[in-house]
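Shared chain: subunit A. Partners: subunit B in the first complex, subunit C in the second.
Here is the complex of A and B:
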């Protein structure tokens, strides 16, 4: 393929990765929770879109409007159920990794038990079409997914910049204790942020349902990629997640084209190790908590 | 370092300790004598159970050195299991050397790899370190999936062990028993040394440990490398017992999950914890296979147990019992 074509496909992929990673980095930024189950929830979102399409005939973009609120509520409930109990723990960060690891195993097992390990994907009419623009083609599904992702991320940015809750979330990200001192209800903000993070996972799942194939164990590959790109961008930084996603997606597209698709994921892991060696806090991150 | 001197002056302590030695000695003798009782009901099942149990004790006990004592959780520790298996297996296939001999070589190779990996990733702390171990696992998986020389994702088969069929499990049983005892002894020696003390200090507070004069980076790398050794050894033995090498046997995250789970159930950072955890979890697994059959629900059970233990008994069985002063003396190995 020519360079321009690879670049276009990489950019479109990057847009989707950015949305997939945004919820993960938000949760880390606000609560220092490393949610290893994030990609598992993305897979759940994808199954949601799949059954909405197969059983109810809903287009994924319609299902998006149902899945996001449902995931928002699910996220708030989950936070209340699991996290207040370990909030005072001296090794909170590590505890969250292990707990969400357990959560990911539970989700994967349940999905595999009920829906088997069959590879699935949603197949709306536009999934196999493309716009031809001179020497290059632009797959419609990828384009729509990427544009939706950009819209959602801009919405998130506006929410964080322009609403009182958004201010409170950003204050909590900067300094949890100081936020509490100036009157932010950190518990409530954490709950809402978890809901938002989860809604973003649901949205990402809906979008990937028609651009990737998915199966219950797929989330391990995704979470590793997402973690790599938020480490590159700086954990907790939304800007970093977006930049990391776009840069690495483009890089992996070139690796996939020149060396072979099975080696594409290596791009992410190589970037992860280089980041840890050269600049452990990533491009836009603050010093990572010890 | 020898065992620490008792400064509390509790008079009952030495007597309890010696009775502990007797009990553990008897348990070990029974384990050694077991393969001689060919008349046992379900003889092969019992030996196989022993093989699996000792393997997990060795793996969990090793994981505990870095994951428990040093407090750095590795979710990719099974890379050493797989690399140990592949190294010994390939030496058998291409050079004809028995894995029982090359298992030690595999362990040493993993030790060296542990040093290399530690040099790179111990710049990261906490969550970022855990992430790098997951990335290591996935990188190694991609590598083995695509390496045609070792059969890629289809794997490669090894010649069968040259033993009479009725005794075929016995050498594996002893190899795993030696690994289990060796790894627990290693953990015990570390726990009772200045090195172990340093690891516990840096697990509590790395900055303070550094101020106190501990070379934390070197300690962490040493802990990681030592914790790789026996994982590589049992990987080599296990691969030979299956006589098949395939990425999906060794490099799935479920293997790492089991190590973490057993250590946490038993009591992370204690010497006896991994042994207790391995026994409990294997008993639960055997039971759930009997009750529900082998299905995806098994990993659901694993996840539920992990969450439950973390939420309600974060110290694990040994840690919780100790906190309440109810830990039996035979399990007090710290």
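Here is the complex of A and C:
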């Protein structure tokens, strides 16, 4: 393939990865929690879109409008159910890793039990169509998914910049104690952030449902990729997640094209190792305070 | 009585308590300085008052109302404000955004605007830097911003943790002048200060903390002249402060 074509496919992929990573990095920024179940929730979102399409005949872009609010509420409920138990613990960081890892296993187990391990994907008419623009083709599904990601991320950005709750979330990300000092109810903000993170996971799941195939264990591969790109971008930085996603998606497209598709996932892990060796805080990350 | 602390025990995580049955009282419209050696529990005391730490035992009453166990935002709402040692600004927000965050609890936009204008009147240096990102201010400017930010909610009691830490002597003078100004506005100030001589010569009343309990209290100038306390607690600190 020519360079332009590879670049376009990489950029389209990057847009979707950015959305997949945004919830993960937001949660880390606000709560210092690495949610290892994030990709598992993306898979749940994909199943949601699958059944909305198969059973109700809803296009994924319609299902998006149902899945996001449902995931938002689910996220707030889960936070209230799980986190108060470990909040005061001196080992909070380690506990959250174990807890979200356990959550990922439970979700995978339940999905496999009820829906089996069959490879699935949603198949709307545009899933296999492409726009031909001179020498390059642009797959419609990827284009729509990527554009939707951009719109959602811009919405998230505007929300964080312009609303009172958005200010409180950014304040908590920048300095948790300072946020408490000025009267931000940090637990409420954490709950809302968890809801937003989940809504983003649900949205990402809906979009990947028609551009990738998925099955219950697919989340292991995704969480590995997502962790690599938010480490590159800087944990807790939304800008970093977007830049990391686009850079690595384009890089992996080139690796896939020039060296071979089996090597594409290596791009992410190579980037992870290099980042941790050269600049552990990533491109836009802050030094992690203890 | 403004603040009444009785037998408070508090600490971090599962570690042994730092405050061990501490009791003290704060009256309206006075200024207080808390001194004591490292690890005496001075910062822990302030964090416990403002609700960042929950006391394990004991009671804290503010204007007769029990406040122990409330969230920091609820305690702030009652009129107790805190300036931590690290100044706790939002480094990526501008001076103006930091001040507005200081008034986070104020939902009335007009009131917020009025308070902001008043802060700029009292701190013209902040007005000049209104769009500068807080993380790029000098240490002294950051401290001024942290103090100015508390004016956004006009607290009755202001708890300040080592405001002079790491600042040049000239800037420290400015910080104390600002605190004096706050006093004139009717705020009660509870100051924790490592520079005991400086803090006590500014305050009306002094508390001496050691090993998580109140060892002595009295008029601030009396403490400075008390030979026993000088020897036990002021020793090197006093010598350094007088240099």
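We take it that the second predicted complex is superposed on the first by the 288 of 290 C-alpha atoms of A that agree within 3 Å, B and C clash if a C-alpha of one lies under 4 Å from a C-alpha of the other, contacts with A are read in each partner's own complex, and residues count from 1 in each chain.
Everything that follows uses one rule, which is that contacts are C-beta pairs under 8 Å (C-beta built on N, C-alpha and C of every residue); 3 or more make two chains touch, one makes a residue touch a chain.
Quantities reported herein were computed from a predicted structural model and do not represent experimental measurements.
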Contacts of A:182 with subunit B and subunit C, given as first, second, both or neither: second
Touched partner set for A:239, first subunit B, second subunit C, both or neither: neither
Which superposed partner A:98 touches (first subunit B, second subunit C, both, neither): first
Subunit A residues touched - subunit C or subunit B, whichever exceeds: B
Contacts of A:170 with subunit B and subunit C, given as first, second, both or neither: second
First (subunit B), second (subunit C), both or neither touched by A:220: first
Shared subunit A contacts, counted only where both subunit B and subunit C touch the same residue: 89
Interfacial residue positions of subunit C with respect to subunit A in the complex: 12-15, 50-52, 71-73, 76-77, 81-84, 86, 88-93, 97, 100-102, 104-105, 149, 153
Residue ranges of subunit A in contact with subunit C within the complex: 89-90, 164, 167-168, 170-171, 174-175, 177-187
Subunit B-facing residues of subunit A, complex: 28, 32, 34, 82, 85-86, 89, 91, 93-99, 101-110, 112-113, 216, 220-221, 223-224, 227-228, 231, 235, 262-263, 265-266, 268-270, 272-273, 276-277, 280, 288-290
Subunit A-touching residues of subunit B, taken from the complex the two chains share: 71, 73, 75, 120-121, 123-128, 130-132, 134-136, 138-139, 142, 145-146, 206-207, 253, 257, 260, 264, 295-307, 310-311, 314
